[in-house]
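Letters A, B, C and D name the chains as they come in the text, with residue numbers starting at 1 for each one.
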Amino acid sequence: MANSKYEYVKKFEEDDRLPPSNWIVVRIDGCHFHRFSAEHEFEKPNDEKALNLMNACALAMLEQFSDIVFAYGVSDEYSFIWKETTVFYQRRASKMLSLCVSYFTSMYVSKWKDFFPHKELKGPPYFDGRVVCYPKSKIIRDYLAWRQVDCHINNQYNTCFWMLVKSGKTEKEAQEFLKGTQAKDKNELLFQQFGINYDKLPQIFRKGSSVYREKVENIVKVDGNGNPVRRMQSEVVVDHMDIIGPKFWSEHPYILKEE
Amino acid sequence: MANSKYEYVKKFEEDDRLPPSNWIVVRIDGCHFHRFSAEHEFEKPNDEKALNLMNACALAMLEQFSDIVFAYGVSDEYSFIWKETTVFYQRRASKMLSLCVSYFTSMYVSKWKDFFPHKELKGPPYFDGRVVCYPKSKIIRDYLAWRQVDCHINNQYNTCFWMLVKSGKTEKEAQEFLKGTQAKDKNELLFQQFGINYDKLPQIFRKGSSVYREKVENIVKVDGNGNPVRRMQSEVVVDHMDIIGPKFWSEHPYILKEE
Amino acid sequence: MANSKYEYVKKFEEDDRLPPSNWIVVRIDGCHFHRFSAEHEFEKPNDEKALNLMNACALAMLEQFSDIVFAYGVSDEYSFIWKETTVFYQRRASKMLSLCVSYFTSMYVSKWKDFFPHKELKGPPYFDGRVVCYPKSKIIRDYLAWRQVDCHINNQYNTCFWMLVKSGKTEKEAQEFLKGTQAKDKNELLFQQFGINYDKLPQIFRKGSSVYREKVENIVKVDGNGNPVRRMQSEVVVDHMDIIGPKFWSEHPYILKEE
Amino acid sequence: MANSKYEYVKKFEEDDRLPPSNWIVVRIDGCHFHRFSAEHEFEKPNDEKALNLMNACALAMLEQFSDIVFAYGVSDEYSFIWKETTVFYQRRASKMLSLCVSYFTSMYVSKWKDFFPHKELKGPPYFDGRVVCYPKSKIIRDYLAWRQVDCHINNQYNTCFWMLVKSGKTEKEAQEFLKGTQAKDKNELLFQQFGINYDKLPQIFRKGSSVYREKVENIVKVDGNGNPVRRMQSEVVVDHMDIIGPKFWSEHPYILKEE
């Protein structure tokens, strides 16, 4: 039996290949994670285990998809930067989006028990995603800066908010209290009222997490004379450095190298 | 600290809302499931447990997303039909695609142990997906017919192929043997050589799986006089009927009703 | 000399074929026609010659492009409805848009002297355009109704506005005067103050212009016995009837017939 | 009368804004110009008057649309390069495409009599068009090189073809004769058989036409002492230089300057 009578329905499929010579960002974001984190009693303002789980999934992404050159995560979101010249699935947007979000989700559920051995998953964690093209590496850096600034703003706010709540305010009162405050006010509040030096908080909270390939020199074997043979190798790492300034990028020029 | 300096990067995001008055199909498909099914020793040509797992995930989808009116699955693929008038996430293609594929994946990993209690997941199952718009319900029926014809063609072939392999042929020999055979030849082969009446094989293998809402009359309470109070309710069910002919659709006119 | 070194630039071209089974509307609109009509001293509120020029161009469009089934024009805009199944240039949006707007423009300039023999063109008339897909004929009828209601609203307003201006008010005063008035008030104003029965104004002003193929019986030849031989033929006509109600459409069922 | 009942049809319009930080090329192309040039007895292989008409229209384009930074034309096609940062009509593709093609067409018909005072237009000249985004100025240069190489290849072929036809061959014979010949062969043919040194043919035929803004020093007034006051001004010019090599671009760095 031929299938030709119905095959015309394939003509409704659109060609969604993304334009060449653009960096491709797939950003995924936890869906209803406010509720999910409450259900699973994540620590506030930051649950380090939950962040480490996110990072482990992102690391698995870079190991699985070699054309992802950088990933940046904060809270329940992660951005994956695909290199400018990737031809992964012919750059079809729906393939890239669905594979990223599905692989990440699969990892998240599979690895859950490694990070929360004493907590059962009470409902399915899932993520939405989007795909955006950026035509220059300079704009990719601005994109990442945008996310890291956001991380900082949110984290500073959340740290204040949850300290106020833990000290006895209701959530509504804490919200009111913080309305209109500036960065300086918030740092002051943390220091004066709670003895917290914001700049001493763990980098993972203040700077988010970056995943990328570091070039490292490894001893790969020992030669006939017993001397170690070293080779430069590439290793996926997670770090929490500043990605707004030029330092990291000038030390890792290969990551966002334009063709 | 304001984030305005970098916020221009949001302007690169595209508006991907799908056109109104179109049925929306999200079809997901197992990625590298040939290897995945081998690693997990799925039965050939069909692994009923694996199909039931797929169906359980699809059923969860319809329970989660009330605007999905019908789902059809075969092997490692599933199509989800969103109603013509849905405004789920403003009909944004990337939201609909990513949420479907992520929720399904999350379910698949979470429910794995219910269907394969004695098999550990050896690698992450994941799915790709696509979104297609169809402007008329008649074309949606043709779309579903297209998938069900495909199910039949593939199942008939695979049944022959694996019977030949189980009877001693190599995979290559079986492939050669079947080259150019017609539907009739294959039925003949199964009957003569293996005593199999193709039409008596389980419907789930020959017809795939459909998931939809059935209207059922339930006893919802008992009134003061001890009489049962019945009410029409909607219940998500899985079935394996023919969806090419008109019978099912005339019995369930509400599923693909045009506005 | 081969051109292969640079041909990669073609990969940046996007596939812009419109989805099948949709009616395609190309609407064009005069660019800066406020100024253009002032420069060429068009009569206010309606210049019948200018409208007839628009209509002559639209008629030429239907004669040139056989898949345009209907056109509706008002003021300096015209909508062209392409049949649901057209495969004109593979339904590529940019081809359909550019050819429509270019052919119309070419006609407009060429035919100008036929309608304004005593006026030189002082600047280039030009049009912008857009393409929109509509999945059902019912929605096409609503689209046309939308344009015809707009014609009515604008014409009623403009008739009042220009009568007031001609009677001595400044444009600003006329505008102020009409602010917040209802349809009924405007009809009253026209009747009481200017003795105009709005419903008696020419249909072309109140209803806009429709261009379509009328089936007419023509005598195509005379047979051997001197008897006329009649045949049904299709003829492009311009009319100014109501297209909101069902009458026209039930008399011309072939125009928006769905496949 | 409100129009709200039908206004829902506007929701079918798509947002077609082109991505920021991309150069935008609108390329227009004569539709059925093979026939058009035959009808109007254009000289073969090149009609200088017809080319000058095209160039006059392109020049008018740059005078009308200040964000077009460069235009390149050959035969009946013209490419218009919009600057990377233009916000003309919010970068909406359909607006940019339709306005370009309509304005050009309007000019072409209006100016026809200036270039062909003794030839009436026999049919409407019209153009199709397309819009393409290019993310880097380097690629725009490759785009222009692609068109200029094409100009050269076509002109060389056409020069041979029409010389052969004028010398008595049929069009079919000329075509056969040239099949498989290389650039060198064609130059040889022109020189040996027709005494034509290809490199001495007018640049407009071999290099096409470029339209851009040249910075020129003009005397803008005379001061009180009778001394001329000079000022750098920008003037749209047409030239026929090489645009493949770096010379022109290094002398005009402002044209494709990246932000």
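Note that in this section a contact is a pair of C-beta atoms (placed from the backbone, for glycine too) under 8 Å apart; a residue touches a chain by one contact, two chains touch by 3 or more.
Bear in mind that the values here come from a model prediction, so they are computed numbers and not experimental data.
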Greatest separation from chain B - chain, by CA centre: D
Cα-superposition angle relating the copies chain D and chain B, to nearest 5°: 180
For chain B paired with chain D, centre-to-centre distance based on mean C-alpha positions, whole Å: 52
Chain C-chain D separation of Cα centroids, rounded to whole Å: 31
For chain A paired with chain D, centre-to-centre distance based on mean C-alpha positions, whole Å: 47
Residues of chain B touching at least two other chains: 8, 12, 14, 19, 21, 133, 139
Contact graph of the chains (line, ring, star, complete, other): complete
Footprint of chain C on chain A - complex, ascending: 8, 11-12, 14-15, 19-21
Residue ranges of chain A in contact with chain D within the complex: 19, 21-22, 133, 135-136, 139
Complex contact set, residues of chain D against chain C: 1, 3, 6-10, 12-14, 28, 31, 60, 89, 93-95, 97-99, 101-110, 121, 124-134, 139, 142-143, 145-146, 149-150, 152-153, 183
